[in-house]
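Two complexes follow with chain A in common, the first pairing it with chain B and the second with chain C.
This part shows the complex of A and B:
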């Protein structure tokens, strides 16, 4: 039993290190994709909210001061990057062009392999977030009403780990439809857009109408950025944290089970044809 | 051992009418056609055999290879490879097999081959000493020892295929599926890959199933061939017997002693006569050769005579295209 669990973990670790080597193989691509794009995304979000605050003349929007919003967005954007891993489209492309074959012939599970390739970007994003937080503190933009605690930070990182798994299983679940429809790039793209808005990565969920929030709270979307970000910052109350964790775990398990079932059925239809 | 019994694989393919009208129509209603890629295939391959799997495009070779290696499921039929059902994809099965696809890159494109091999070493749990010894041996046989630290994408097609072969053989698999391993390679690289495969098979005796469109690969490497035509096996046996059974004609070349007037027939057989070197060439049906030679000797004084068997590639191609 121990061996059965250890082998997928070891394989994930091996693929993780190979993927890290791959990500750092091209210097320009590394800096543009993994560093510059995150910084640009963050700067755009901050500029937009600074303008919104200036135009409205309000000192607080949805309970956030400008500094509080900057801090939340910094964490939510990098957490969003972390949960996204390799992003959408990869799995459906592999089904479409037959490159999924290589995962089927090597003696490791597709999940171990894909998770191994998914996680390095998550770790890079986490590291970038810590640097960005240090920057905010050093530049004096840290909101006085927020103080980080080690316990909440650790709880946030654990939640983030499950958020990564949730995103990963959701992607596999959705993109397994390519076994039936061949090309579902548009659907993957639509999911990505939905995630940006509904996960709280672009706008905190407090700014959504209450009925939308009620619906979102039982959906998986807030658990992909908003929930782990709030936990990390310690801005979630204990009651909501205790209520949210089972929902996060439930969605993760459901997405895992759903993805296993649909992928197993899809593999019966796999032809391995393509370029 | 590989045992295949009454294997069928049917694909459903979408048929679209040409043109914009057909494209728009297909958005609402699609016409599907069933294609029998494999139609009742049965065969047995013994340990240590190197079998050539040949057939025209779309004959079902690659489909059979994919089913045997567990990549795709069959529609019906029974398959046992090394005692496993391939499409169950048990880890123990995958640890003992390899699939090399000449048209697909299975290594990590952006990493040097050495990094890919290190990853495979761990995946296949190859002990350090065995790994070092095998890598040195195979890379030397394939003459790519100096290229191991170069990114895979920067290698030539031939070099890349050699790296794919190393990756496929590092764990000493008991069964190796080679799907067109020489496709697109130049003559020198093809020869080098063939030489290596022969050498490796002799040394380690894995079961090898080789699919290739280059008849030279089959003729040089395989004692046994399986010819597939429209999803059915039309020949399964020794390569040498294939010639004996299906060779239609032989080439008779004769040099005449004296110059003679041009002629185009000997008896009833059409011939090519070259007055400059007095050479007569004729493709003569196997059974008519004695009669043809008698007729030739009766009509002319012959200085030299040879009878050549049909090229094995021609024989295989004929069986592939028209059946036995």
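This part shows the complex of A and C:
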């Protein structure tokens, strides 16, 4: 039993190391793009919200001051990048071009391999976020009403880990439809676009109309950025945290089970064309 | 004249081939249309949420922002239809040596590489964007003048040329770096600047995004012309900028071809 669990974990670790090396193969370009794209995203968010606050004349919108909004968005943007991982979209291509066969004939699980390629970007995003938060604090833009605690930060990082899994399983679930349709990258991309907005990465969910929030509350979207960001910042009340964690775990298990069911059905149809 | 005719005939043939391919993957066609619909809906929803908390954005009213967004969506639709996939595939052509087959043809290699694929699924979204634009124009209280509309469409076309050149700048370095995507990720982040109105940018960022990285010129300048707040000097600057950027792109392409050494053939 121990060996059964250890082997996939070891595979994941090996793939994780190889993927990290691949990502940083063009080191200068990798860091240039990673750092600059995050700075641009934060600059745009700052420009938008500074304008909204100035235009409305309000000191608080949806319970956020401008500094509080920027702190939330900094965490949500990096958490959004972390949950997105790397290698999204490759599974459906492998089904289409037949290269999925390698997972079927070698003692290698699709999940352990794909998870290994998915996670390195998450780690880079987390490291970048901690640097960005240090920058906000050093420049004196930290909102006085928010103070980080070690316990909430750790709880937030654990929630982020499960958010990464949830995103990963949701994408695998959707891309498993490639067993029935020839080319479904557009559907996968549509989900990714929807997640950016509906997860609270672009706008905190408190600012949405109440009917939209009611709908989102029964969806997995808030658990992909908003929920872990609120936990990390300690701005969630304890009751909501305790109620939210089982829902996050429930969605993760449901997405995993759904992806397994669809994949096992799909594999009956798989012909490994071209391989 | 013959040169132009040959290229037009080639383009017509490429469009026909793309149509045949699209008809082979009909489900993919609808998925792509659906994807763009989601993108369009969320682009509008973002500003709708902002306008729940303010009645203007740096002086731009809701209908003005909607016109600005629709201009951006139209540009995106046209770009996705004509150019996007071709630019996306350029790094692969260079790295795998497949560019050999393109540069040997009796047409301009740059023309052929940039027009090989025509995306019919995105063409549907061009019509959708035009519909949103018509709705936004209808919200303006003043009657529409011909000069207002002509200038707006002209600056959008100008923005399309600028956008094409800038997108190419991110992939042309593959001739030297041989990376798998060029600076694609960086461009995707920077492109968000063109999805936000000019009025939110101030000082250095405004200067940067109107000169070296002129994303503001692509989408905000056409909208400002429509509102009547763009001067002739800014209009001329936008045209000069797209001509300059396109010329620079052609120059870098030529340099890239000189260092291209093929890979496998």
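Please note the rule applied: the second predicted complex is superposed on the first by the 267 of 275 C-alpha atoms of A that agree within 3 Å, B and C clash if a C-alpha of one lies under 4 Å from a C-alpha of the other, contacts with A are read in each partner's own complex, and residues count from 1 in each chain.
Quick note on the criterion: a contact is a pair of C-beta atoms (placed from the backbone, for glycine too) under 8 Å apart; a residue touches a chain by one contact, two chains touch by 3 or more.
Here the structure is a predicted model, which means the values were calculated and not measured.
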item	value
Partner chain(s) touched by A:40 [first = chain B, second = chain C, both, neither]	second
Which superposed partner A:21 touches (first chain B, second chain C, both, neither)	first
Touched partner set for A:48, first chain B, second chain C, both or neither	second
Partner chain in contact with A:104 - chain B first, chain C second, else both or neither	first
Partner contacting more residues of chain A (chain B vs chain C)	C
Partner chain(s) touched by A:242 [first = chain B, second = chain C, both, neither]	neither
Which superposed partner A:10 touches (first chain B, second chain C, both, neither)	first
Chain B versus chain C as contact partner of A:181, first or second or both or neither	second
Interface residues of chain A shared between complexes with chain B and chain C	26
For the chain C and chain A complex, residues of the former touching the latter	25, 27-28, 31-32, 34-35, 38-39, 42, 45-46, 49-50, 52-58, 121, 177, 179, 183, 185-186, 188-190, 192-193, 196, 199-202, 205
For the chain B and chain A complex, residues of the former touching the latter	11, 66, 69-73, 89, 91-92, 94-95, 97-99, 101, 104, 106, 108, 110-111, 115-116, 119-120, 122-124, 151
Interfacial residue positions of chain A with respect to chain C in the complex	26, 29, 32-34, 36-38, 40-41, 43-44, 47-48, 50-52, 54-56, 58, 61-62, 181-184, 186-187, 189-190, 193-194, 196-197, 202-203, 207-209
Residues of chain A defined as touching chain B within the complex	7, 10-11, 14-15, 18, 21-22, 25-26, 98-99, 101-102, 104-108, 267-268, 270-272
